[in-house]
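Input: a single structure, listed below in structure tokens.
For clarity, chains are labelled A, B, C, D and E in written order, and residue numbers in each chain start from 1.
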Amino acid sequence: MTTEPIIEMRNIEKHFGAVIALNGVSFDIRPGECHCLLGDNGAGKSTFIKTMAGVHKPTGGEILFGGKAMHFDSPRDAMEAGIATVYQDLAMIPLMSVTRNFWMGREPIRKVGPFKFMDFKAANDVTMSEMRKMGINLRSPNQAVGTLSGGERQTVAIARAVHFGAKVLILDEPTSALGVRQTANVLSTIDRVRKTGIGIVFITHNVRHAMAVGDRFTVLNRGKTLGTAARGEITPEALQDLMAGGQEMAALEGSLGGTV
Amino acid sequence: MTTEPIIEMRNIEKHFGAVIALNGVSFDIRPGECHCLLGDNGAGKSTFIKTMAGVHKPTGGEILFGGKAMHFDSPRDAMEAGIATVYQDLAMIPLMSVTRNFWMGREPIRKVGPFKFMDFKAANDVTMSEMRKMGINLRSPNQAVGTLSGGERQTVAIARAVHFGAKVLILDEPTSALGVRQTANVLSTIDRVRKTGIGIVFITHNVRHAMAVGDRFTVLNRGKTLGTAARGEITPEALQDLMAGGQEMAALEGSLGGTV
Amino acid sequence: EGERYVLVSHAPDSDSWWNTIKNGLALGGEQMGVTVEYRNPPTGDLADMARIIEQAAASAPDGIITTLADFDVLSGPIRNAVDSGIEVIIINSGTPAQAREVGAMMYVGQPEYDAGFAAGQRAAGDGVGSFLCVNHYIAQPASTERCQGFADGLGVPLGNQMIDSGQDPSEIQNRVMAYLNANPDTDAVLTLGPTSADPTILALDQMGLAGDIYFGTFDLGGDIVQAISDGVIQWGIDQQPFLQAYLPVVVLTNYHRFGVLPGNNINSGPGFVTADALGLVADLAGEYR
Amino acid sequence: MSNPDATVDERIKETSKLRKALIRPELGAIVGTIAVFAFFIIFAGDSGMFNAQGVLNWSTVSAQFMIIAVGACMLMIAGEFDLSVGSMIGFAGMSIAIISVTLGWPIWVAIILTFVLCIAIGALNGIIVVRTGLPSFIVTLAFLFILRGFTIFFPQLIERRTIIGGISEAAEGDWLAPLFGGKVGGGFFIWLGDLGVIEVFSRGTRAGQPVVDGIPMLIIWALGLVAIAHIILTRTQFGNWIFAAGGDAQAARYVGVPVNRVKIQMFMFTAFCACVFATCQVIEFGSAGADRGLLKEFEAIIAVVIGGALLTGGYGSVIGAALGALIFGVVQQGLFFAGVESSLFRVFLGVILLFAVILNTYIRRIITGER
Amino acid sequence: MSNPDATVDERIKETSKLRKALIRPELGAIVGTIAVFAFFIIFAGDSGMFNAQGVLNWSTVSAQFMIIAVGACMLMIAGEFDLSVGSMIGFAGMSIAIISVTLGWPIWVAIILTFVLCIAIGALNGIIVVRTGLPSFIVTLAFLFILRGFTIFFPQLIERRTIIGGISEAAEGDWLAPLFGGKVGGGFFIWLGDLGVIEVFSRGTRAGQPVVDGIPMLIIWALGLVAIAHIILTRTQFGNWIFAAGGDAQAARYVGVPVNRVKIQMFMFTAFCACVFATCQVIEFGSAGADRGLLKEFEAIIAVVIGGALLTGGYGSVIGAALGALIFGVVQQGLFFAGVESSLFRVFLGVILLFAVILNTYIRRIITGER
């Protein structure tokens, strides 16, 4: 892992009015690695990756992309640069068809004379085949996303990110609402995607999910980094402690038999 | 665990139009035990507990409450009978104050002549003290729930169920969106509540969370029970397999090092 | 010198016919050297109008000039104004008898039913036996009275011959066409003002009936005058709104300054405007006519 | 690692105490009311707007708005709204007129039957909304047209005109009518008139009597409804259910709040308020017209929104709505007093609405932690 | 343990193929259109409703509705709606009249300036909605009042009247005006008349000419706008963005759809449609009135909703909206042909709206898997 980082975030700060959500966070992500971002509720994980994805503008700090300073003015800019994000709240529109969702924001264009149309044939074909690659057989590409299960929707979102040749794929708690099988599916998808050389930022509250696929682990707490550790440098138990801020855990763990 | 069950559900069926969500599920819950309900996405867990809580009327099967057949016409009936539920989607109203949420549906009444008013003084006092017992210090009982964190909201919901003297407390994926510390908090709350003799139905996708507090484990799959096992009768790995329906797990587990 | 008079009408903001009133009022105020104000309920709600009269009375003007669109609704507030020492003149709607009853000084206007009746008699004389009344403001009682009067003047029952045309010109036009298509043996068309007359002219033009079918209208406007001179409209009933606003200002001012008062009510209409006597009307229609 | 003092979160900057004390749903409406009164005291202070007659005038108009605003407010907090209020006003008035004048039944029968009818229609509105899950915008829009249609159709069919008078005569000596059309406190005002505090009529049959001879029942109804609705909303169990039904119907249903019943009852209450409005109007003016109540639904909604309620439900205040109605009434009448061209009233109204709602949104976000 | 054939879920009962083929957003409107035509063919078949003149009659009315429905539909799909459409129609007409008649500028300048002005106001609406996050109901309600106020105020101030005529004269010989007020296909209809396919006038000034002498540009505009909007919505990238903006603005924003821009553009398009409506009307009737366009916003919304669009955005069809407008127009005119008491039109409209929307909701739920 001595390759150059794709993105490096230095000392990022973000304030929302009176709330200081991020207070100097540094982080980087390299090709082909899965970097897990862990931390308590409200630690600032979602805020941090939204800053990375161009949704929020940082109040302070700098973002280096491929070694050069970057300013993303919109999620579009970040996407163009190769940063794809699957948000906690899914970022799929239930009323729209799978194809329309898959291509949303990056629709394929077919020119007829001076007019630009959306190329539905190509769009449908690609959607069906990409979904099939992910192991999901759609009834039809015109099926509304609202008729899919949660795991299937998650997969559509990942498939589209991969298809658009993302260099970095950010996943915000993709497994929190999923069953065991769906979770295993998402994790193995992460593994597969990582092997193609894409860098992955994976946010989760579940230490085992993190340990299953993570190469490095960064823990946030109240808007600050508690440090980054590589796989093998840290035990699941230590990570768990770190995520909980070390507080009161001894007592709780004791009473519950250390199985959390 | 030879006490009589508080609720016994026999052969419950539930159809939504063309969808058969439950296809004969039997289940029971005894005082002081934590009965975990596990299963894939869409297995029918939420539908099942909604049937128990009076939200849905079962298409077939019977519900025995304290040995007698019962028909709940509304969630209110079930609540009166002592079944309290904390739903997956939280069942809190962000725009309303903590007190109003806490008492929603069961407001304390103070009579002034022929008029019935809501007793805000008592309501506020109880809310503050119940929340303090759960380890949460509110700024004010008039604070809007929208200003609380996810874990805090979850705790309000549990506190209210306990306060109203529930005999059975149903928790639908209370930990899925929570951080480690908040999760530990909720699990130890479950443990505390169970010790008071209340029966708990705990739904989760996380085998470790289930193993931490569960006394018995029932796995649903595609609307049917795969069976119930008591603590100690089953290993976490076997449970995991059961939840995923046994499918493709070997392959996935292998590639991910068995850590899911 | 410096008297203040308030004119309260029942018309919604958008009713264009009342411009002539406003202009007459303004001119009267200017010539007499008095302050004049125009007030109306924005949506034409008569209950709101009652409040406006009360409110005008509260501002203690020297006189109030008001329409009496609904005796039941307006008599109370008007009587209060009269009793608190404000001179009131009733214009436009209501009857002389009602004006006397509320204690008003005089009545200037055209009793609607009578005007409709006179028009009906005139049409009956011209051989009309059935008609279409295009009512663009059906919720206003005066409009219905005009149609009813016309029917009674003709001596036929009103029945379904009055349509609720709405206020959108294209809808009016098409509804008139629809009615005439469905009832091809209709002898005459009666419209109640420029709002319904202008699109009706176009409708008849479209159907090739312009000049062929008997066509009378209430109230003048630019297009109506043009149509009269073109022979499309046989007559327009002019109630001379200018006078309804102008004369009360003059009467009130002179009464306040010199204590003089005409001995009787003034009927500003109905006057039938036909192609023979257009002249000035054509130039000033919509502004002072 | 983290701050040892857990009750103080170091990530929240400080907010002043004063700001906290001021932050309440009605704040926007309170500020607006003060501003509006200040404006008119300056620009129309000597126009008679603040003498007895003038005060009565804008109070009456405001009271009218208040009556329908209270209904609209409760309904909006319960998460729905009703565009058929205006048509309902016309319909109720016409119903009283037809029953009492055309059919010749006693006026109290007419009033009671009309209330029953209107509340039933309100319930129907509610039942359709609750059963079908359709937005109330659409359902009540349909009733806006249906009710207005009948209001024009029936009197035309029966009486061949769209306005029916003669209700004053029918109401004479009736026991119920004064409850809507009467005035109270006559003696007090005569005393004030004798003292010279308020002006007296200078001529006519009532010479010597005070120009204001009592407080119309309309105002009493308005204040009464505001008080009752406010108490119900803030101090009772049912009030909590109203907030819950509008805040999140599903969540409320799950904890046993009878959401459907609450919503239907609020539709009925709105219809009741519209009917009070119509009855007061009909009894006071003695006639019913097919055009009564046009656009009143918007005016009610505007007053409620100026008063700080959230269009999507679950948040609001009856006091705020009442102040919104007051602002509305004072501005409408005040512009006349101030001699502003009446067509500009609408422009003012639109601008006030925009500003009020922006201010209210800001306040609400502070209170509820929304983003 | 589970069914080996994973593609067939044993828990889903079967649905017929026919039903699947029929299930589309416009289905409700298509059924409604058929029903309405069937109804009038039976009850008004011999009243002239379906001869050349009759067809032109209801087509023109429907075309009017269509023009504003197209704008309202696109905007509603983008998740907003505009209550100021009606006021905008009045405002645009007045603007053309003032510029051309009062200022005496050429009519094409007046038309172009008015379009620019209206689209700018549409953009302002959109910017306020997008920036403040207020519901468009409130913002556009404010503009409903503001624009109507100015529409009444300005002509009174300038011309001392609220209706300005003489536009026909101003439009004579103009190059742009015929695009809005002309007719096309005159020769074709004369030929048809000569053939006897369509009737000719039997009396009056135009005896011998065909009863229909061309298709008004209004209809051409309506069909053109429907076609273009339909293609944009269903076949282009921008169309996908419109759906996305209305379906879930936040989600769309996250994947890079410029949601704010899309919404503002849809407000501008709605203003454009209102302006087309106003221009056609002004050129055809030769005058502008301050009361033009009253309640048109509701009529547009009704047509769109009958056409299957979802009030809360993200779902709908321009074709559906056009059929909704057709239903609206046919019912309105058809009742005249059928000789039904005209005030009952409103009642019919309300009832049709209710039924259409219930049917549409049912269809939509099947398509989108909503519950």
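Assume contacts are C-beta pairs under 8 Å (C-beta built on N, C-alpha and C of every residue); 3 or more make two chains touch, one makes a residue touch a chain.
For each chain, UniProt lists the protein as follows: A, B = Galactose/methyl galactoside import ATP-binding protein MglA; D, E = Xylose transport system permease protein XylH.
As the structure is a computational prediction, the values presented were derived from the model and not from experiment.
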Starting at subunit B, fewest touch steps before arriving at subunit D: 1
Looking only at C-beta pairs that count as contacts, which pair of chains has more of them, A-E or C-E? C-E
I'd like the Å distance between the centres of subunit C and subunit E, where a centre is the mean of that chain's Cα atoms. 34
Report the inter-chain centroid distance for subunit C and subunit D in whole angstrom, where each centroid is the mean of the CA atoms. 34
Mind checking the centre-to-centre distance between subunit B and subunit E? Centres are C-alpha means, answer in whole Å. 50
Residues of subunit B engaged with two or more neighbouring chains: 245, 247
Where in subunit E do residues touch two or more other chains at once? 148, 152, 156, 341, 343, 345
Indicate the residues of subunit C shared as contacts by at least two other chains. 13, 138, 164
Contact residues on subunit B for subunit A in the complex? 39-43, 149-151, 173, 176-185, 187-188, 191, 205-209, 211-213, 240, 243-245, 247-249, 252-253, 255-257, 259-260
Interface residues, subunit B side, partner subunit D - complex: 53, 55, 74-76, 79, 85, 87, 89-96, 100, 103-107, 109, 116-118, 120, 137, 144, 146-148
Could you list, by residue number, the parts of subunit C that touch subunit E in their complex? 12-16, 18-19, 22-23, 26, 138, 160, 163-165, 167-171, 174-175, 177-179, 181-182, 184, 194-195, 198-199, 202, 207-212, 221-223, 286-287
Parts of subunit E lying in touch with subunit C, wherever the complex brings them together: 44, 47-49, 51, 53-54, 57-58, 60-61, 64, 90, 148, 152, 156, 160-163, 165-166, 201, 203-207, 209, 211, 281, 284-287, 289-294, 296, 332-333, 336-339, 341-343, 345
Where on subunit C does subunit D make contact in their complex? 13, 37-40, 42-47, 50-52, 54-60, 70-74, 76, 79-80, 82-85, 103, 138-141, 144-145, 148, 158, 164
